[in-house]
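What follows is chain A paired twice: with chain B in the first complex and chain C in the second.
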Partner chain A sequence: MDALAAIRDVFFQECEEQLAELESGLLAMEGGDTDPETINAVFRAVHSIKGGAGAFSLEALIRFAHVFETALDEMRSGRLAASSDVLKIMLRAADVLADLVRAARADEDGQHPHAATLADELKAMSGQAGDSDETEEDWGDFEFQPMAAAMDAPEAAPAGPTGFKVTFKPRTDLYAKANEAALLLRELARVGTTEVELDAHDVPPLHEMDPEAAYLSWIITVTGDADEASIREVFEWVDGDCELTIEPIGGEAAGEDAGEAAFDLSALLARVQGDAPAEAAPEPEAPVAFEPIAEAPIAAPTPVVAAAPAPVTPPAAANEASADGPAGAGQRKSDAAAAGATIRVDLDRVDRLIDLVGELVINQAVLAQRVMEAGLARASAVAMGLDELEQLTREIQDSVMAIRAQPVKSVFQRMPRLVREVAAMTGKPVRLVTEGEGTEVDKTVIERLADPLTHMIRNAIDHGLESPEKRAAAGKPAEGVVRLSAAHRSGRIVIEVADDGGGINRERVKSIAIEKGLIGAEAALSDEEIDNLIFMPGFSTASEVSDISGRGVGMDVVRRSIQALGGRITITSRPGKGSTFTMSLPLTLAVLDGMVVSVEGQTLVAPITAIIETLQPKAEDVHSLGGHARVISIRGGFVPLIDVGMALGYRREPLPATQGVALLIEGEGGSRAALLCDAIQGQRQVVIKSLEANYRQVPGVAAATILGDGRVALILDIDTIVTVSRGDMRKAG
Partner chain B sequence: MNQVISQNGQNHTGGMKELISFRIGAQEFCVDIMAIREIRGWTAATALPQSPSFVRGVINLRGAVLPIVDLASRLGFESTEANDRNVIIVAQIGEQVVGLLVDAVSDILTITDDMIQPTPDVASETAKTFVRGLIPMEGRMISLIGLERVLPDMELEAA
Partner chain C sequence: MSMTVLTVDDSRTMREMLRLALADAGFRVVQAEDGIHGLEVLQAEAPQVIVTDINMPRMDGFGFIEEVRGDQRYRGIPILVLTTESDAEKKNRARMAGATGWIVKPFNPIKLVDAIRRVAA
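== the complex of A and B ==
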């Protein structure tokens, strides 16, 4: 059972990849890509999903994938033009397919609200384009022989015939690709009640027999619930490597075939015995379990789940051959040439490796410090060896981090669908342009990027872009453009969401902020400051809450989630030209840029993303508000001055402000405060270590890290420190 | 493990057990050796804010952040004056790894379960919380400590 669950897991993982492939292929075609390989890739993706779904009996998924595949095949064969309307439907179908896959993963093999309508649209499209529906199954086989073309309507009403006569004649290729006729027959028996007859007429005398050739064929009568599609599915993976006809019983052709097919085992036996000494009679008694001895070297060793693709087969066929019929489940390999050589590794193993390398780096630093302390000259052989070691460890660290890095493509890919949906809801035509999809960043960052990005793109379309009429009046093309781009910039990843809409209406933003009491009525703000008001908690520009972006969260939530990732978000806006949101994020969550400070003999690290500036408090700027509460005046405004040593309980008496250094920070919700420390030691990148793993959460401390001297330093949780200090006097101790 | 079936009619089994004994002041304690990962010398710990006094702070144990519990203070004695002669017993408690600061490790004892005598009913809360039993050994008394509640509880935090 566990093995099956594991295969199922792999199947769904691959489904995600196939879906991504599908969507990017369709989008490329929408963008004018006419490469036949693109449509082939798209087709393969749907076909693979369908195949895997078949193995797990995911009915709703199979049905929809089948219709989708049929339509795609029409397009592939050139009978259906890849017009933009057609592609739009295809894209929506891809969305539905993705939903169905997800539903299946969550074990709800139910109905999708749009599946039926889209299936009809797809059918209508493929129907118009031609009636040779049968070819749908032969996608990968360019030497298809139209054996089955006699049949109409693959989705024939199941109520029709009472049974089918299946003639199945494997070609040599079928065995060469490690398929196994007996397994197919066994699988067929699962579809309905079968009666199998072996047709051995073609078996030559033993001395003429080619040991690798296929001579046998079978005639199977299937009765019961089976419909043609499910029978066809059994042979899906060997399509093209066998001659296959499926006829409803009672059909015109049935009679003659039946007569001809009657097979007399004893007659054959007699022939064989007559021709040669019966030392190697190739037939066991039961035809179903028949394994031609001649084929044994190829076929017999691999009646197992994952047959590797035969290396000589062309890519398209390889895809088929790699999954061995019924049991072949999720083992298909995506096109090896396109995907490059990759392996799947358990994330825990990678993380363990990253941990170990982190320890190596720390150890190396400790060692270097010890060597310095020992008074060895910098030019000594030991010190030089250490330098080399340091370089190596850095390189190892970078390479290991790169394992976790993934292209942002995986999250960018979800956006076209979102844009389509929001565009449909708002009635604004939108084109999404993505750039830098290959930019790599830590997997965890990618995962946590999806929500804020979704929100920002919704916002860009709903609030950023004007209505088509307004755009026309402004002399802009009716179709709005939302640009999503990613790039590496000075050790961080910068992601931009830009729209070519009307820009921020500063008058309105300001009046709303005043109305909501976020700023004073006569506050003099620069344009930039006004733009940034939209990040204030409780700010929402839409006067009525719209269905799309008004979900009770505003840009403040976006900003908070970006900050939680150690990032910053800014906005630039030009009236009439549009707005650009720029997010700058660390490449990994495992390290953090920190300001190392000392407080009462303790070394602490403050995340640099929160720090706006550092300053030396002057006596005249610091004012006491009674008790230990102090404020500091910075350029005319007052912000609370928080003694970090007091807040963390390291000391009982506050440090005189002039003896320390203040870090001006901006916490959650944009509130500012100055943190008073004893001294600043410097900036450095630190590896984040969990405190909770062996202990528990400590208020005011976000995590820990290990410094070059091997000691543990605490990373400050600035928001908590500010909140705690803001509350009334903390209980001492 | 050698299972020794006791023949004295009380119908209980007495498995062999190995314990590590250590000193805190004049007292001797022991813990099950199976919970112990390693024993190491004292290194200065980084103090943790908002923590009970028996939590000395955290140290770096080959890249992991390890909390150090002053066992003397935890058990209600005078807290240990940490110096180079002290040792840290690194113990696995459930999913967590914790360092226990003690004066010195003295011995490895092999005992059978029936050598453990129940803790007499004394008023001390700490005794009830930590002492699992008493082992008489060559005229001395060694308290068997249970480590499950060495780390501060959540209730303490809420207080």
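== the complex of A and C ==
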């Protein structure tokens, strides 16, 4: 990738950040935030996007950003009130800007269906020229020739006279802004052939001299190709900080009026050396004035300095004098950091580090077990050293995991736009409230959260919230509220999507479930059980699919994606008050909370998240369905009893149920099963090692881990085991 | 030794663009994200020229220039203001604060380098 393409990538990454900043700022303002820094940040975001777009000549983006920026500037300066209507337009403009950025990223910088309309709205409200003729002109003014527009250079004037007489008298301010007369003269010499004459009439006696004041002036004759505009350009930056006149002269030889500006340098130097200590050198800001003359052979009485190409060499002495402070500071620079409080690291490197730390954790556990087996006392130096090692290893593990952790903000911030769109489609006014955006979780978890969250928010607005009329009838404010929150709770991240709508219509859910054959007609279900029916595969029906929450995705898919992340999702609902979906997810996908069990001498790990309870089967609860298929009755309901040893092929004859222990698990789509194991060893956090990467995929096994005793333990893929056993069971039945 | 240029800009894109243009011209480039960061880097890196943006969080370009000019150690360092603002008011404020010169974004790399050479002794 060439350097420019890399910068382009940086630009688009940055655009995403700025778009997020823009949106959250506007939303904060909509929520009543009047902090000037908020509008400033919003302005800066658009301003930066425009600036970067200019560098890449993304015309459509530049134009829209420019109009947007101008409107924001009006708002920033208080000329445009940040009313709710204005902010709504701004938010829509932010959406269009986001679309334009994405189009530009896909190399499709061009038209956007709403860009022109919104640009007009922005212009109208901020008093920018509105009608189309002026618009063109307006944009024409805003010439964004990529990499071309430069230093406000005035247009070159047509060539006229043969030369110019420039009189230049710097004021003290010129030096105070770190401009240097010598450098300007050097610059002027690039424009044309110059003859420089120094006027030192105003230099006072040394004891009267103000070291910071400007006393010198110059008369420069410029001949050659120079035109007035390019001469003015040289002095553009010091305009106002000097007295400057530029007079055209005919083709005659320059410098005829020279001769009066006699400046006795040697006399001055003598005075300086004679009665001034070194630090009292005159005009430290402008010692350059002396140097060229001292270097030139034409010192004292000769007033005219022949000054072809670069007569005024930058004097080293002046440089050193003015750079004294920084140069001193430079010696200390090695121990101070350069730029940036963050670094960008390739994700592969982080993952490699996480892998290695995983190995370290396992090795440490193995070592600890060996030491224990060797019979060393707990208080022995080795055992104590190991304890410390364990502590450190855990801290390293946590720190490394933290590298992959990111705030959920990146996914939360996509939601306001979604809410606006769905609200517009359904005609329901909605306010989105987000909390805990800073809560951190593994990057992969965040990435995979976007789809389920999108679906749930759509659902909350489309199905959860009532129509404004119904809300009014129920005595609720017309505007519905959807609350999206994240928090850390006991080593997991809990994300909630709550609405203040009508709650689950249990009668309806139940009748749909019966109709679909998901439950028996006379099934007695608790409210909670009814609410959770919506997660059943096949519950979401065609008649219910609307434009918004439909798209063929039901809550069962949401549940599956959450479970794929090692998470759980539940719903609580109160009639008339609203529903809350609660997702609990692991903070990382690199470690897993596991239940370690033994089956036929093998050590296996079941993900704790899937386990509802463990139980000791009683003979009277277990019923055979013929073959090896069995069910177990748990509190009046029957669930399949699956012998893990049989399922994985460790044994040919099933273990008598009473000799083992059962894990009641909930798999994909909420289906339950009891997994029969020989014994439970305990709960442990295990480092997940991919089986596919090291061996190959094995049905019924999700991954592997290495335990403290150095043995490999397989992590069960509960859903596959249940599905496969069900199939077997059907065959058997 | 090559000349050190400090660039102060909150946009990563702009910082990278500047780095590319300036490093290409043989300058040593040090970067800062805003005025406050700029003052820190200034102390550590002793640049010969500063190129700064105006619109920045925490401390904007005006504030930064004033701070630099108010510090005896740094007041002689030329400061070029790099900004998309081409209106006279911004330019004037930057000059009042003590900017040496200004460059309008999007900048032409050659002219930028030229401008830096122009103000650097």
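Keep in mind that, in the parts below, the second predicted complex is superposed on the first by the 508 of 733 C-alpha atoms of A that agree within 3 Å, B and C clash if a C-alpha of one lies under 4 Å from a C-alpha of the other, contacts with A are read in each partner's own complex, and residues count from 1 in each chain.
Methods note: a contact is a pair of C-beta atoms (placed from the backbone, for glycine too) under 8 Å apart; a residue touches a chain by one contact, two chains touch by 3 or more.
Computed from a prediction, not measured in an experiment: that's the story for all the values here.
Enquirer: State whether A:A178 touches chain B only (first), chain C only (second), both chains, or neither.
Expert: second
Enquirer: Return the chain, chain B or chain C, that is in touch with more residues of chain A.
Expert: After superposing on chain A, more of chain A is contacted by C.
Enquirer: Determine, under the contact definition given at the top, whether A:R696 touches first (chain B), second (chain C), both, or neither.
Expert: first
Enquirer: Examine A:A71 and indicate which partner it touches, taking first as chain B and second as chain C; both and neither are also allowed.
Expert: A:A71: touches no partner chain.
Enquirer: When the two structures are overlaid on chain A, which partner does A:V712 contact: first (chain B), second (chain C), both, or neither?
Expert: Once the two structures are laid over each other on A, A:V712 reaches chain B alone.
Enquirer: Touching A:G54 in the superposition: chain B (first), chain C (second), both, neither?
Expert: second
Enquirer: Let me test your reading of the model: by the given contact rule, A:L648 touches which partner, first (chain B), second (chain C), both or neither?
Expert: In the superposed model, A:L648 contacts chain B only, not chain C.
Enquirer: Which holds for A:I7: it touches chain B only (first), chain C only (second), both, or neither?
Expert: second
Enquirer: Which of the two partners, first being chain B and second being chain C, lies in contact with A:R44: first, second, both, or neither?
Expert: Only chain C; A:R44 stays clear of chain B.
Enquirer: Looking at the complex, which residues from chain C come into contact with chain A?
Expert: On the chain C side, the touching residues are 10-17, 20, 30-33, 37, 40-48, 55-57, 69, 71-79, 84, 86, 95, 98-109, 111, 115, 118-121.
Enquirer: In the complex, go through chain A and note every residue touching chain C.
Expert: Chain A residues touching chain C: 3-4, 6-7, 10-11, 13-14, 37, 40-41, 43-44, 47-48, 50-52, 54-55, 144, 146-152, 176-180, 182-183, 187, 236-237, 240-241, 285, 288, 314-315, 318-319, 322-330, 332-333, 336-340.
Enquirer: Once bound in the complex, which stretches of chain A touch chain B?
Expert: 355-356, 358-359, 362-363, 602-603, 647-650, 689-691, 693-696, 698-701, 704, 706, 710-714
Enquirer: For the complex, which residues does chain B have touching chain A?
Expert: Those in contact with chain A are residues 44-51, 55, 57-60, 62-67, 96-98, 151-152, 157.
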